[in-house]
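As structure tokens, here come the structures.
Paired with subunit B in one complex and with subunit C in the other, subunit A is shared by the two complexes that follow.
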Partner chain A sequence: MTSERGTFGTRSVQFAFLAIAGGAWWFATETGSVSRLLLPPPASVYATLERLVQTSAFWSAVLVTLTTIAKAFSIALVVGILAGYLITRSKLAMDVIEPVISGLFTIPITLFFPMFILFFGIGSGSKVAYGATYAFFPIALNTIAAFSGLEERYLRAARSMGAGRWDTFRYILLPGAFPVLMTGLRIGFFICLASVLGGETISSVAGIGRNIALAAELMESARMFAWITFVVLSSVTLNLLVYSLETRLRSR
Partner chain B sequence: MSEATLQAKTSTFSAVWRNPTFLRVLLIAAVVLALEIYGRGWADPAFMSPPSGIMNAFLVKIAPEPKIIEALWFCVLQIAAAYALSVVVGVIIGLAIGATNFSRVAFFPVVLLLFAIPQVSLLPLVILMFGLGPAAKIAFGFSHGVFPIIMNVVAGMRDVKELHRRAARSMGASRADTIRHVILPHIVPSLFTGLRLGMTLTLLGVILAELYVSTGGIGYYTRLFAENYSPAPLFALIGCLALIAVLFNELVRIAERRLTPGKRRHPKLKIPVKE
Partner chain C sequence: MNEPAISIRNVTQRYEGSGASGAVLAIDEVSLDIRKGEFVCLLGPSGCGKSTLLNIIGGLFRPTSGTCTVAGRLVDGEPHPDQIAFVFQESTLFPWYTVIENFRIALKFKGIAKSEWDDRAMRALKSVGMASFAQSYPDQLSVGMRQRVNMARGICVETDILLMDEPFAALDEQTRMVLGEDLSQLLAATGKTIVFVTHSLAEAVFLSDRIVVMTARPGRIKTIIDVNEPHPRSPDFMLEPRFSELRNECYSLLRDEIRATVAAQRDPQGADA
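Presenting the complex of A and B:
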């Protein structure tokens, strides 16, 4: 988001921050000033994580969550882009429908999660529907913004030079809309990921979120922290990956 | 009827007909009507209830139940407390990070990194730490709401023109003067973008925690109604929460309209609005 380059000074402040946070964790558990139940020592979390990744139960839980995310995101992608594109084809439809979508998006859709459970059961179906619904909004809204933000004169120029419908779409609409569209997909993907995890945590039978909640219920805090560490590390990595990919695409 | 009045009539008619607000109300009414017809005619009563049934359930099962009303009222108080905390802490941290170029370049990436963590994975931990009561819900709402406020305050301060700062300094403004008369007025539009997003996320955090804790509060009742396959009171309860969310969002919007000087457009900072 900020393209400002860090200097040696700022970098060392960042490392110092992480080091102090990690050191505080280690120190607090070492001196026993916090309950081990709430904050297990880093070493035992690492050992638990190491044991955990060798079990097949771990990978099957990860697989459940990943499949759910993939299904939910594909649905949101297709429906969101299609709906968004169709809405922009008519000025009236856009004026009528766009405020409805952006208005609905300010209400936390989490509210309706019990309804998803009621309709689709406690299995992964409800999580797919919930994640897809959540991701639909940013994708649709950004698709609308992408296709409606194009300048009219480009379209006119293309038409006056004899471009057909397909040519206009391929050479004007698509390249013009692409960056905003990608932003929508990125936001939609991370919302989808978080909402699937959240849905699994609140109520489900399998998946990463369920395992975190289960470990918390059983008071196995090292196990819970191991799962949390896994989620945090992989989502931060994913974020950085997407971010660098996007800046590379932009700079081209 | 003369041709002129006829034309005037048809044009007002088509003006109403093409009025987006009117059409929007019509669209929503059509959806409600369709749900009513479907709910009465075909739907399985264990899963669906027509809107009239939901209204009835609200009057019969939600409104006269003092415990449910109390749970809803608690929810309102928690949202208010979490949001107040987010605003105060968010603005202070935002001002501190945005104060100098160095602190911004050093700490803004840390904030972004923390924001990239899916916080739902920490929900069970937050409940373990703060218990099943309101403290956990306030904490979780706060940890969601504070980030967009920090980010937008920092972004707003970054966009203050160097020229303005220098002008203030050359006219003898102290550091406090510069903050009060140059920086604060400048960040207002961006701040409100943050306040709006912060409200959305605070609502999300509080409601997530409410739903997760199923031994009391809203979460208990949603689970109870869902497990008993009684959709009408469930939908009525969800409707009440949605109404609370809408009112809170509207409050921020009204404050924005009142307090934003002139009609400046807020700079749009694309923040991934997280679940």
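Presenting the complex of A and C:
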């Protein structure tokens, strides 16, 4: 557990780091040591972002990406937790399937992205499939770890107290597995976000990633960085949201 | 003498081994009657099947053959939480619940009405002097405090029988002695029937009315020793010559069995673990 002061100290260092990175960016463009065509100054990126958020095209692109992420993550969450949990119910499945899943997770699934395009087309379907596939692995693996890692002694104690199957699941297995399960969901979510954006950048017709790739192709670097800044700020905010949600759920 | 609280008849437990070791005979034809309100220790070398016997009494394991009846009811691999409570090592407190929540969940599982949960929990916590830690998480307590709480959790369900599986094994000698005294006092106050598994000689002599000394695997009853000393017992009992005599008697009975166990572990032909 981190103390108040510890949290404050950590936050200060993190903000100082951000400020230094921003300062370096500003300095590099101001002194002309980097071509403005490649790296525009922060002020012009900010001005572009300000103009961008007032267009409806911006928000419809954001909506496309968010919908894709939501679909991909929902699929990964349901399939990952269900598969993970069912695997832990059988010793045979644990011996046979678990190593296969963790083995598959080590291969770069990006290699299959062209296949997803072939199967599901250039629209958001391929990105949903890609994001869901990538996020499935950490969710399933952490679900397996969460439910199989629970010590036998807790189950034995619950049984001796007369707990039935449902009570054991609801009050022993689930709360015992919860922290590791949540870690899997958090990792899965951010992998899903990265895959969807990455997929959009490589090949798509709409969404944030598509706009970033387009701006780069047209050498509109201020526009590209405006989009990137938006994504970075959104990710940081999301991470904080997920973190506080996790802490609140855990304290139940 | 009326009906025994626990009656064990010809109980045998065999584990189907895997690989070269083959089947393991853990308990061989054990019969034992335990009176109501009696404190019985199962004492034996590690692996002699004393915990297995306790799990059979508690309905967590079904014996390969033989029967176990508790107050006239047959226990056949199904727990009887209305009659029997278990106290395992302190690490079986659920770490995701606070102390009071650990009690509530035990009472809920047993099917006690919600309105009684907190009353019963606080009463049990007070009896072990832990009432002010009701809102703490187990991690925030010392090992000794956790075991007090864990004992109280076994007491709060108010069963006639308490089965304790090496509850003090993880504690240091001093904490162990203090908790032993507490247990002796609680026993005298409640009149519960207690079966206690241990491999500590002093603990067995200090706590028991009867000590059941078991043989090395396969576990059989070697001897039963009577300790004629009323509860609650004071630490002074440990200073009496009779205490040392009983302890030495237990040791001389166990010595051969411990040697047999160690020899079995050392010799690869004889190893079955």
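The criterion applied here is as follows: the second predicted complex is superposed on the first by the 223 of 252 C-alpha atoms of A that agree within 3 Å, B and C clash if a C-alpha of one lies under 4 Å from a C-alpha of the other, contacts with A are read in each partner's own complex, and residues count from 1 in each chain.
Here is the rule we go by: a contact is a pair of C-beta atoms (placed from the backbone, for glycine too) under 8 Å apart; a residue touches a chain by one contact, two chains touch by 3 or more.
All values reported here derive from a predicted model rather than from experimental measurement.
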item	value
Subunit B versus subunit C as contact partner of A:167, first or second or both or neither	second
Partner chain(s) touched by A:15 [first = subunit B, second = subunit C, both, neither]	neither
Partner chain in contact with A:178 - subunit B first, subunit C second, else both or neither	second
Touching partner for A:202 - first (subunit B), second (subunit C), both, neither	first
Contacts of A:158 with subunit B and subunit C, given as first, second, both or neither	second
Contacts of A:100 with subunit B and subunit C, given as first, second, both or neither	first
Partner chain(s) touched by A:26 [first = subunit B, second = subunit C, both, neither]	neither
Comparing the two partners subunit B and subunit C, which touches a greater set of residues in subunit A	B
On subunit A, the residue positions that both subunit B and subunit C contact, one per complex	none
Residues of subunit A defined as touching subunit C within the complex	151, 153-154, 156-163, 167, 171-172, 175-176, 178
Residues of subunit A defined as touching subunit B within the complex	1-2, 4-7, 9-11, 13-14, 17, 37-38, 92, 95-97, 99-100, 105-108, 110-115, 117-119, 134, 138, 183, 186-187, 190-195, 197-198, 201-203, 208-209, 212-213, 215-217, 219, 221, 224-225, 227-228, 231-232, 235-236, 239
Subunit A-touching residues of subunit C, taken from the complex the two chains share	58-60, 79, 81-82, 84-86, 88-89, 91-92, 94, 96-97, 105-106, 108-111, 157
Touch list for subunit B against partner subunit A, complex	18, 20, 23-24, 27-28, 47, 102, 104-110, 112-113, 116-125, 127-129, 196, 200, 203-204, 207-208, 211-212, 222-223, 225-226, 229, 231, 234-235, 238, 241-242, 245-246, 249, 269-270, 272-275
